[in-house]
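You will see two complexes here that share chain A, one where it goes with chain B and one where it goes with chain C.
== the complex of A and B ==
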């Protein structure tokens, strides 16, 4: 039996059994059907405690219900006991899981570009709780060590955890006190390992990260996703930025961009995101890192113009839309 | 009945404040055939004397590549040396996996020294009977370290370990001030001269020595025999021609080890 099908069926089973307890009258009959079909499908028998139990290889509580607890046992017939453990974990409630099942408070796109003297990065300060823009002053770009800058989109608490890892990393690096230090490349690779390792535990850090930095005059800009996909480029973006900002950057980015031109380009991208990305807010920061060091700007807003014809009646000509 | 009642295990102090087992381990380094190292600003050269155990056997390998940027030369128990080089290799690989960059030499040396130190403080262990010359290159330049069984480590401009290493040390001490600005080939030349000092009357050929280099733009590599022979011929470093130098240092090499034997482990 395909494991996926099996797990799905067992989940279905859990729910039907739960129902059957609520409708106590038909329980016996229903369970009889369930257990016989289970037997047919898996060669596994299921029984209500005290009625049909022959042996107790694995005995566990399926559900928390208000009526006196009912224990079910899966009697192994021809499957390995391993399979039972798998079922056990699949059947247990996901409520007590410590994993990030889905993100709670999230930040949207970050954009980074190389320019003449170093790296520029831009991110807005919104924190969305689902589709509600719940927080308005979330700093999503932080310094890492002497030479690196980290920008994050995605789950904010996971970003905070990543920052904790990096604090430890940099502290340990500094404690050697030997003149060697981790540069942006090392930090990028370290984060790649962390992200990929966590996704392998089925417990991903729900972020897309951008790492920029300058060390010994060498500029570095790269990105890591929540599953560990990583690359380097002259300009990078996360999330919506990949669709709305990168095309602009591909057109307009140059190696010898000055600081002013770089900021202008980033603002153009951020304005586009603001217009089209519903999670973006008009409060952003721009960070600069060069051989001289790092500065993150004070939050500020972009001038917007919402009276474009396309904004006035956005659905004109789109049949079926309201 | 016992010659020395304080040398039965590593953790026992003598009333004079010495750890005999640790000193014996360092003595094992002196018994091994010589290894030398020297460095300039950009390059480090390692060289060693190959001594076969018997007429019928080949010699053991004494220089190991750890990574592209690090190599070691050993003197003492070769088996212990191999264990430690394997440890160093795996440390370099792990660092490379995590950070995609070479492990700084100084850090590897500290880790190695810590590993050796643990063996001087556990009753159920024995110290490693091997001395390592660690040559490497990192972002702060070229480095040469000596790791001792006692858990001590030192950074050197040039150093020699193993039997009759005093002769080589004397040679290196005379010349080391020029090493910083030496070219790669000059370093190799000095390495060969230093090695020759440790050979007692024997003629220097490529069969009795191994030379390795690491430097800027050049990953660690052990020079092949033909290259070494070519250099020996080019520099005319055979045996007899340098006889005067051997004699000159011969007296010192007799005297110095006696002084060293009085030294406590922390001194060297």
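== the complex of A and C ==
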């Protein structure tokens, strides 16, 4: 078979088998049979954590003795030798996967609100490497085209890749030279399709995005998640922000918020996040976008007060704690 | 390094409840406007209802991104249909198309629970109810989504549909008048909202009859 046809076919097989297992279409006891048939027909076999399933017995041995989650991968068999090597596989624990299995450097919440003249957005500048705060000057809000502002939480490298896609998009749009330009609604819709397409390929962009902007006096604020869930609202927040900031926004947000009131409201939200979100850092930016254009503030920090009784003795009155 | 990082799932359940009732010369399609993930509410004003053609309206709950993709596929298929036939697709035709579209993704399904309501070629109300992989049936009324388990038995009790096993087949449309059906839908949602955390905020009701299409809204509990 032609190599690329073969590799495409194997990828398809792998995905089908993975989904079949995911949706319980194959009982574990038949995996040995499936695996040996595949080996006869196509020279590939199913493996559990690097070990090939040969028969029903090895299948039970490999799967039953392991605590879930068991990870399956397709192994490609060399013609003559018994050497096995792992394909670019869906959920394999091996290191050569080209798909993002988990994020490396991540940013925490972003918050966005509509206000009288446009959109305000706030994000801190931390970049976490797991639970280590590794970077402290990451800009997580960027301008997109003439009328839009994009804020991201999640994997920073994926965010930078998204910005490249958007640069391409805007450039291609500019080349029409028709005096038309993409607004926030169009950019949001584009991002929605990109995120959803990548989840369909089982290779997600690990971000929650917030997109805001103003075009022709029309304010727009929306959000997209890493699997493509998206919506518009008067105020949006990602991650912890949805738990800690949005209840405040629901109480205090108004349509006719002035710039100063808006900034004050965002600072209140960011301060709350700073107190309770361990990945948040006290260095943030606030971005403003109106019909006049976009400004992103210089980084600054918030005044904090750590002497609240609940911070000093958090377990007082909690029976059974020490 | 042991892998204990957050894993991801290609699916999410964004909740929501959809109800449709068919009458002799009308159809009522309704859905709440809450969108959730886990215990969080994402937004309180998201419409789950989509007008696919002049006389077919779909309400969908489940995974919002899949629902949106499904709506886009149907919209583009319908625009091709209009170019080829110079008319709107009928509701029973749209019902079959929806089933085929869902089944096309049988092995990586759209996690979408739909009810399709509309008027058939005789102007009679029709409701089609689906599962995520495209099994469907024409019925007189249906509820789908997170509140379906609460609403279905109530509708069964109130509307007493004739058994589908009866021969000759009896019409499935409900005997209610249009305004009675709308009131019933409002009651259903008010009740489901009491116990289902994924239903609430607002019901959007679309009423389809000989005169055209009409929208009504009713506020629900927001907690």
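Throughout what follows, the second predicted complex is superposed on the first by the 222 of 322 C-alpha atoms of A that agree within 3 Å, B and C clash if a C-alpha of one lies under 4 Å from a C-alpha of the other, contacts with A are read in each partner's own complex, and residues count from 1 in each chain.
Rule of thumb we're sticking to: contacts are C-beta pairs under 8 Å (C-beta built on N, C-alpha and C of every residue); 3 or more make two chains touch, one makes a residue touch a chain.
Keep in mind it's a predicted model, so treat the numbers as computed, not measured.
*Asks:* For the combined arrangement obtained by superposing on chain A, do chain B and chain C clash, or do they fit?
*Replies:* fit
*Asks:* In the overlay, work out which of chain B or chain C sits against more residues of chain A.
*Replies:* C
*Asks:* Looking at the overlay, does A:204 come into contact with chain B only (first), chain C only (second), both, or neither?
*Replies:* The second partner, chain C, only.
*Asks:* Could you tell me if A:186 is touching chain B, chain C, both of them or neither one (first, second, both, neither)?
*Replies:* first
*Asks:* On the A-aligned overlay, A:117 touches which partner chain: chain B = first, chain C = second, or both, or neither?
*Replies:* neither
*Asks:* May I ask you to decide whether A:158 touches chain B, chain C, both, or neither, giving the answer as first, second, both or neither?
*Replies:* Neither: A:158 stays clear of chain B and chain C.
*Asks:* Please work out whether A:277 is in contact with chain B alone, chain C alone, both, or neither, and reply first, second, both or neither.
*Replies:* After superposing on A, A:277 lies clear of both chain B and chain C.
*Asks:* Check the superposed model and tell me the shortest C-alpha distance between chain B and chain C, rounded to whole Å.
*Replies:* Across the overlay, chain B reaches chain C at a minimum of 6 Å between C-alpha atoms.
*Asks:* Chain A residues touched by both chain B and chain C?
*Replies:* Touching chain B in the first complex and chain C in the second, no residue of chain A appears in both lists.
*Asks:* How about chain A: which of its residues touch chain C in the complex?
*Replies:* 16, 19-20, 93, 101-103, 130, 192, 196, 199-200, 202, 204, 206, 223, 225-233, 242-243
*Asks:* Could you pull out which chain A residues touch chain B in their complex?
*Replies:* Touch list, chain A to chain B: 176, 178-180, 182-183, 185-186, 189-190, 193, 216.
*Asks:* Can you tell me which positions in chain C touch chain A when the two form their complex?
*Replies:* Contacts found on chain C: 3, 5-12, 14, 35, 37, 40, 42-43, 45-46, 63-65, 68-69, 107-108.
*Asks:* Could you list, by residue number, the parts of chain B that touch chain A in their complex?
*Replies:* Touching chain A: residues 97-101, 104, 106-107, 110, 138-140 of chain B.
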